[in-house]
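So, here come the structures, one by one.
You will see chain A twice below: alongside chain B first, and alongside chain C after that.
Showing the complex of A and B:
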């Protein structure tokens, strides 16, 4: 359902969509039940000639039931949401699968810089490939990201991955993703970071193994790879 | 009665939607035109409106904020401002991972995406009065720097007044801290190393001809002292 508006392109995107859908359906159900109940009561107890208003304290058992029963039912729904949320949280944030590669993601006002290992497969070596605004990754590979900020709070957000992670100055935050199909999608900052926050954008380019190898070969010199500008 | 109200509400909604589509179409046309016409007409009043965004870093009078790495741009020649804005927009500047100030500037330049935006803001900034800034390099020796400046004179002029024919900007009011920072970037290859940056490629060997980091500070202090 959500995927029809925004593609789900990571291994955990559909789990997050399902959780949001579950919350939406349960909360939506109770919202409409409550609203229906209010309007029905307003109609049933509307002002009429010859009827005096009754003062209801809600202490009588048969009246208190109107509060207690929905309350317990909502708690049961909460249990479903909590179980679903904890499972998704564990898979996305607590679990850290073995990586095929690691990229460094650096936020600053108002650009993203990415550092990828070169042919030696090791980060922080002379053959690293650095790019601004464009992150090139390979489909089907598990990536760890090391997220940093040079100045203020940022948030590394890839909507098609359903990924959002705060970047905090002075900290290196590790997370992971695995893309499920090729394509080019948005990267954005999802934490207010100054006057240019709204235009702090990048692109993630998910490539087939052949395309990615060709890109690596083209850029694996010490020279800096920079994306085309406009 | 209800039916006629529904019809009128529908008609209003349709009119609003049409206006929205029409305005969107104008934006798209404008963007296409922006890329098609390189020399759109400058409108100083429009430039003043656009400058509001620039003022957060460059200050309300364009006098710069060294703490943000934003130089004084007030009173710089229009041709230079145009060149720089276009360089930022095309990625010639502002795409090096180590050039933090330029990385901040590039998205700002990209917001000038309608025909005449770049020209208008350049015209407005150029019309602002410049001001001599205080020296900010206590370790820079202007007297020593005068000797090193001989190399710069060929393009930037004897008093660093600039030379449009050589795309060499006036340097005196940019701020000595900014001159030093740019020289260090040219020396480190952060600027002037990309084949697309033809002006920068000319500047880089000049910056590398300075024998030391102290010479960079000295020549920057000297250039700053030339401001009137």
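Showing the complex of A and C:
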């Protein structure tokens, strides 16, 4: 349902979509059973002439099981969902694969700044490439992001990756992503951050290896690097 | 209860016959205090609804001059959504569900003449009224009302340099803190009264479910609000005297607030849910002419839900920068809370079995509560599952989910309760035809507002954005049309509330006389005059049986009031 409108572009996006589908099927089943039962009882036991209520307390064994058995089944469904949720969570948030590259992501009112290593492959050296609001990455490479905030809470959200992470001032939060195809997509700030929250937008440009190295070459001369810093 | 009136100094009794102005302005009578809370809550609901109208118009037609409001700026947009949320939860759901129904119903349903502490009760309302005045003042100060979301996460909320609302933030926080004080006082009163002043013969399992639910909710509230008040004091000091509890530059931590807030905030959901479920239970049994299915199970699951609700708070913070391993713990606890809630829903559905159901207006609302709340319940599972929440966090899916819980709670259940107890409150019947027009005119647009929002959320629309034109993935025509559909449905729904207001105020003076027990119900409030006089009963009732004896075999009548000797 999500992918029909919004492509899945990271290695884990499909896992998250499948988890959502699994939950959808399980809770959808319960939802329709409950509503069906509810409306059927409403119809079946509508007031009619000469009809008198059946007197039950609900504590009779043979009646109580109509409530207790479904509730054990709900527990079983919960266990499936817990296992699925924890597995996806572990892959996305807990277990960080070895990175091919690292990018620093800095949120501040109300723009995103991205810092990537220049030709030397190291962050925090003079040849770093800084960009504002546009993140250029290479398809098929595992990136670690180091997420920071300079003022209030922000949230680095890339819907096509199915990725969100809060940026908290005073902390550096590390996570990862790997894009599976090229293209240009939205970056959002998904945590209210003041009056400009609605204009805190960015674009992620996922490039083929050739495009990406061309972009790197173009931006990594010291003169341009300084220019694009602001 | 007569004994309590003798042992507790009871100011109200000295003015037994005097109904002067001060009786209504500074009342001690629980019924009048309940009405004060009810009308204040209804007034605040009008403001909250108007705010929703203003920001929904901006979303559907960005940049337009909204009729009766004007152009909505980005700052005003934030303030509107923030205060819409705050008002609807703290100044509508809480005062109406707990304080209004609690005050009005508890003494009448347990058979005593008033609350145990009538003066504390009066103080509770006066502090609440003060919080209303402070909140409304905050909309008009320089810089405008607070716009940092109802969750008020620092540093945005702590620092005027970031929020740009130096006075608005502080007044908002003060108003919220005063509101908490009011409900602490009220809650203590409710619990004490129910434990001490029940009519002779009323055992714990003879207490109507709605009273139990208000008691459990009050206990949850008093137990959870402490950390938040501490947090609010620290936030206030950060704002006003420049302490740095939440400022990382000085060794503080902004995430601390989130823990304190949600440690209260999640139980708070159940604080308002339980009374709503209680109202629903009482209305359903009356119009199904059925005993509540498994009374004790309902009670135990409510307590179980309440206890579990203290262990789930960090599911609001999965991706907020807490240790990722914590998410696994909170996913488990969050999904486990679905067990007692599912059990409750099953019990409510099972209550219809074997009944004889008449679809009067209150019953329609009660049934709608169960049907709509189910949508809110099942969509919560997507958000409690950590892996799926990575995507859904802060999208309109979350927003639609909690409106499918809070709207049934704060609006649908309240209408069920108001239309059901209206005859007791005012001694007259509401018009059933107008009631049904209002019902369908509310329920159909309600679904047409929020079902599209699930879709928008699933497609990545994030919250608290005043215009989506800046986001190419969200600016397309399909999504904009869904936004327009939601907004037009909202306007329709708000217009239909005029039908209710007309019916409500007209029936108060011109409705058909109700008599003592128009619904042929079993609980004690229906055994006295409508409306009950001061002191509630001329002769205090005695209780002989449980609350829901409908269709008892071997009796001619299909209901058996609690106070009728065998």
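As a working rule, the second predicted complex is superposed on the first by the 218 of 230 C-alpha atoms of A that agree within 3 Å, B and C clash if a C-alpha of one lies under 4 Å from a C-alpha of the other, contacts with A are read in each partner's own complex, and residues count from 1 in each chain.
By our rule, a residue touches a chain if its C-beta (ideal position, glycine included) is under 8 Å from a C-beta of that chain, and two chains touch if they have at least 3 such contacts.
Note that the structure is predicted; figures quoted are calculated from it, not measured.
Once the two complexes are overlaid on the shared chain, A:220 sits clear of chain B and of chain C alike.
Once the two structures are superposed, chain B and chain C can be ranked by residues of chain A touched, with C on top.
After overlaying the two complexes on the shared chain, residue contacts for A:109 are found with chain B and with chain C alike.
Contacts of A:199 after superposition on the shared chain: both chain B and chain C are touched. Contact with chain B, but none with chain C, is seen for A:150 once the two complexes are overlaid on the shared chain. When the shared chain is aligned, chain B comes close enough to touch A:132, but chain C does not.
Residues 109, 195-196, 199, 201 of chain A touch chain B in one complex and chain C in the other. Considering their complex, residues 106, 108-111, 113, 115, 130-133, 150, 195-196, 199-201, 224, 226-230 of chain A touch chain B. Taken together, the chain C residues at the contact with chain A in this complex read 74-75, 77-78, 147-149, 153-156, 159, 162-164, 248-249, 253-255, 288-297, 318-321, 324-325, 327-328, 331-332, 335-336, 338-339, 342-343, 345-347, 349-359, 367, 370-371, 374-375, 378-379, 381-382, 385-388, 390-395, 458-460, 462-467, 470-474, 478, 550-553, 558. Put simply, chain B touches chain A in their complex at residues 53, 56-57, 89-92, 94-97, 100, 103-104, 106-108, 110-111, 194.
Only residues 1-2, 5-6, 15-16, 19-20, 23-24, 26-28, 30-31, 34-35, 37-39, 41-42, 45-48, 51-59, 63-64, 66-67, 70-71, 74-75, 78, 81-82, 84-90, 92-94, 109, 151-153, 155, 157, 159-160, 162-171, 173, 185-186, 188-199, 201 of chain A touch chain C when the two sit together in their complex.
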